[in-house]
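Look for chain A in each of the two complexes below; its partner is chain B in the first and chain C in the second.
Let's look at the complex of A and B:
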């Protein structure tokens, strides 16, 4: 049971590259925090500094309010599940799990009891005598989990633990990890590339970009009110559509010349970015009238991706280079090449200024999420 | 020529140059040695007589032979284990350094490029009782070094020279072996609470065991056969046979003593011995080093 406190944590590699620029983060007891971000943004670096595999060059890391900056990995009482599992190839499954306990001088009988209990929990009982190379990918993953669990550490660290599994197994293991983490009530930090994994697992989601925390909050808060354009584009799949707009009094001028009723209080001519998620673009049923304050986007469908329940329509809007993506009902009959009238209502829109900061946040404190 | 025939003939044609060389320089003399071992020949090689196993019996009744066997065991074990232990230590260190790693590696690999005889001469000069730098240094420490008189010192010297020569070879393999061990394994072990020493013995060393096994076989063969030139230049098998290994004795009896029958019998015995050792290593050790 542990809390984790990162204050202005900085990591500069010996070659002078600064991978983490002052990370502030508090992880509560029993919480599962997921870290997402594009490749190279420093997720693994962050996890490795937490584990003690990389030194901390500035700032402070505390576990249970105790400063651990200078402690060896072994002394921090953490466990880490590696992307490639890092199982000891020359040891049986049993020995892989028992190794950490042996090193800590746990009594033999205790080791046996704990390894067996963990094997039971993870359904590994029949595999204890096997070597890692005799296991399937999913089984290896479970052994790696078992090796972490059996030690009953204060904190779990996961570095993309599911990325080597096939899609189906990934879903299964994702649920398994969630179930185990809640059951054991252990604090965990989980790094992933995968949107779904991040959204479904996280108690709290941290979006990183270029060695900084962009935003931190519950998955739904990040989805509903992304603080920056970067977060808006990163969370959600397919990604949010961005339209460059210009302030015209109480209205916003769209790239195709249409105008949307939306008072921003900004000067005439200010350039903004309007974000709208594909799932929040609707079509107008035949004959229905346009709702008040809505604006129509007349687009041409370039490509459709039927996903079963939904259909994704990649459409072209006059005056915009990027396609506008709409998530339509799977029943909706659209054909490539046809024109499609999409409706942009005044709701569930996101406005970002030239620096990519969310506009609403500047004006009303209630909106701030972090 | 049918397709099938061509398919059978071409590979042999391509291998022919190599096969001829191996045949002429290895199989033919080996067979001759085996044949020779069953004959007694006069000193001038003018006549010879079939002797059955008499040559072998004579060799096995010779006290000198057992002395050479004992010397070989001590010498080979010391050389193989010494060269491997030092190489492993250096490889672990070299694997760790970041700055100037290539310079270290190159320097450590150099001795391998030195011909055994040249290496022998080098060590002989370093330890020369009257001129040598090292022996002078030892003198000032109160150690009287004279490997021309002291058999143990002579053996130590040829062991040192042979270890130095073989170390580079082992170093290259150990370093390559170390570099194939994923870093994440050692990191996992560190998180699992193993200190550097324990990490080495429970993770690194077991994972290197295929390399170690291979090197054990190669070093055994090296110590038995390829140290001839080193021994010949440094001590010439002396003093009083203290550095006469089995191989050196084959040479001494055959080429200096002109007792070709005995020499041939010894080389046959040596072949059998090394064959057996290698077989044992493969049967009993190899099985344990696979993971």
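Let's look at the complex of A and C:
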């Protein structure tokens, strides 16, 4: 039904602050694109410029290949779900959903039919006469969704729609949003800073940093091959461990003095950052031999966080200030204060240069991800 | 907070009763006096009980022109009503729009506009009465309803109150309405007005009373009895020169003058409560 193209989209606020530095993004028909990034990186700003609530300073925004830079929000045929729902407090649920249609001059009978159908879809039928304040948070959220759906817009925009709900309801609504979006086949842009929400909902994930797109791709692609150190640190929880390493010929020297067999083709002495996810650090079963090309990290456990299925071990490695986090099997018995030998295999490692860019394939042998 | 002690309950009710009695006493005295004839009143202390002239005094005041005024009280009440309603409705309409513009629109000198309005708080009618009279005279507004209403119609207080209320409306609500295709007028009519219902009701009561109780300006701007207001006429009734004061007329007119404000308060109070229950606040 609708595609969305952003080219070199720039937003400067009246106070001179540039919140978006040229965003390029193409959203395909029926796709759900999730935008994540740290607080203040411009996610909401981006969404609001898409909605037409903020003007565009430079660049192009097109919906279905039609330039919409200068159209009013109502003319862009988009619907937005706000973090605090923004329901009209003095209107019933029915009127909340019908208001947009009324303003567009849809016939009364049509409005009734569409609102009722949407209410059915969202299981709101029994609540149509209530006022927003007579609803629970989850119900309000559904009404906000209903208000967006009933308009049958080209594009859905969500700005952290679930962040006011409790954890359980969030999971439930997350599934519901996914189900509805697929069923209605509407193109959607979804802003969140919740990792799980981002990974599970997204057809495509956009990681933003300081008003720029850092990387864009499927959640698994971003997880497996983060293009920058920033993305690597942002995607995945707990965050990736970063170890400063130095090139020594065909090997990399680790902070604790150990050396890892890994040819980079870089000059001796080059400083790099080695990234390894907590879930890719393993322990060696008693008596098992060290695999070839692997290196052991002898650490001391400082803190453990049992999560049930897994246990997170925060460990200290000689020569490194930050703790090295390892995700161990929940059964694995570790105690705070004990030493722990973690195994760094040559696989699933990420190397970044001094600028934080991922090392290109041909220079980094380990980049063949299993 | 509620304290549950029987002794306290009785005491507070007693206190309330005494207070009510004290407030009601002058009203009762005025009412009692208004039902006596002139001869019964002159030279006596104020009667505590109703007299036998009864409502005849009222009927006379309403139907026949009062000698010293040149018009009947019904006309006076009508004049007051026109003025008070004009001022209340006008003030609210203007303040509503002024506050709407100041809060929701970005235009050059917006700040300055707000402060200019705010500064007028320091300039009540009494302070600017001479230039205002001059302007009213130049515009041929003396002895007319517009002359009674227009100079009092702008209200910094109401603008300020509504502005404070508008500022509490979450910006997302405005944005949701924009996305729903509500233009500025629709937003005002469909969202802002219903939300400020309670505030408007309260303002209406205050402004109606303010308008009804105006004395100085109507006294100055009207010379024609056809435009005299009931509050002004009360003073006029008392100035009789050498002849005795017609206390029964004064008190009866005062009783009648109290009617509309009381009615407005009673009616609006119900609306008030409804507004409070209905709205989100």
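The criterion applied here is as follows: the second predicted complex is superposed on the first by the 360 of 370 C-alpha atoms of A that agree within 3 Å, B and C clash if a C-alpha of one lies under 4 Å from a C-alpha of the other, contacts with A are read in each partner's own complex, and residues count from 1 in each chain.
The criterion applied here is as follows: contacts are C-beta pairs under 8 Å (C-beta built on N, C-alpha and C of every residue); 3 or more make two chains touch, one makes a residue touch a chain.
All figures in this text were calculated on a predicted structure; none of them were measured in a lab.
Engineer: For the overlay on chain A, clash or fit between chain B and chain C?
Structural biologist: With chain A as the common anchor, chain B and chain C collide in the superposed model.
Engineer: Give one of first, second, both or neither to describe whether A:100 is in contact with chain B, with chain C, with both, or with none.
Structural biologist: It touches chain B and chain C both.
Engineer: For A:325, select first, second, both or neither according to whether it touches chain B, chain C, the two together, or no partner.
Structural biologist: neither
Engineer: Could you tell me which stretches of chain A are touched by chain B in one complex and by chain C in the other?
Structural biologist: Comparing the two interfaces on chain A, one with chain B and one with chain C, the shared residues are 51-53, 72-74, 78-80, 82, 84, 86, 88-90, 99-100, 103-104, 131, 133, 147, 151.
Engineer: Please name which positions on chain C make contact with chain A in the complex.
Structural biologist: Spelled out, the residues of chain C in touch with chain A are 170, 172-173, 175-182, 186, 190-191, 194-195, 278-280.
Engineer: Taking the complex as given, what residues does chain A use to touch chain B?
Structural biologist: Result: residues 14, 51-53, 72-74, 78-80, 82, 84, 86, 88-90, 99-100, 103-104, 131, 133, 147, 151 of chain A touch chain B.
Engineer: Considering the complex alone, what residue numbers of chain B touch chain A?
Structural biologist: 98, 182, 184-185, 187-195, 198, 202-203, 206-207, 209, 291
Engineer: What residues on chain A touch chain C, complex-wise?
Structural biologist: 48, 51-53, 72-74, 78-80, 82-84, 86-90, 99-100, 103-104, 131-133, 147, 151
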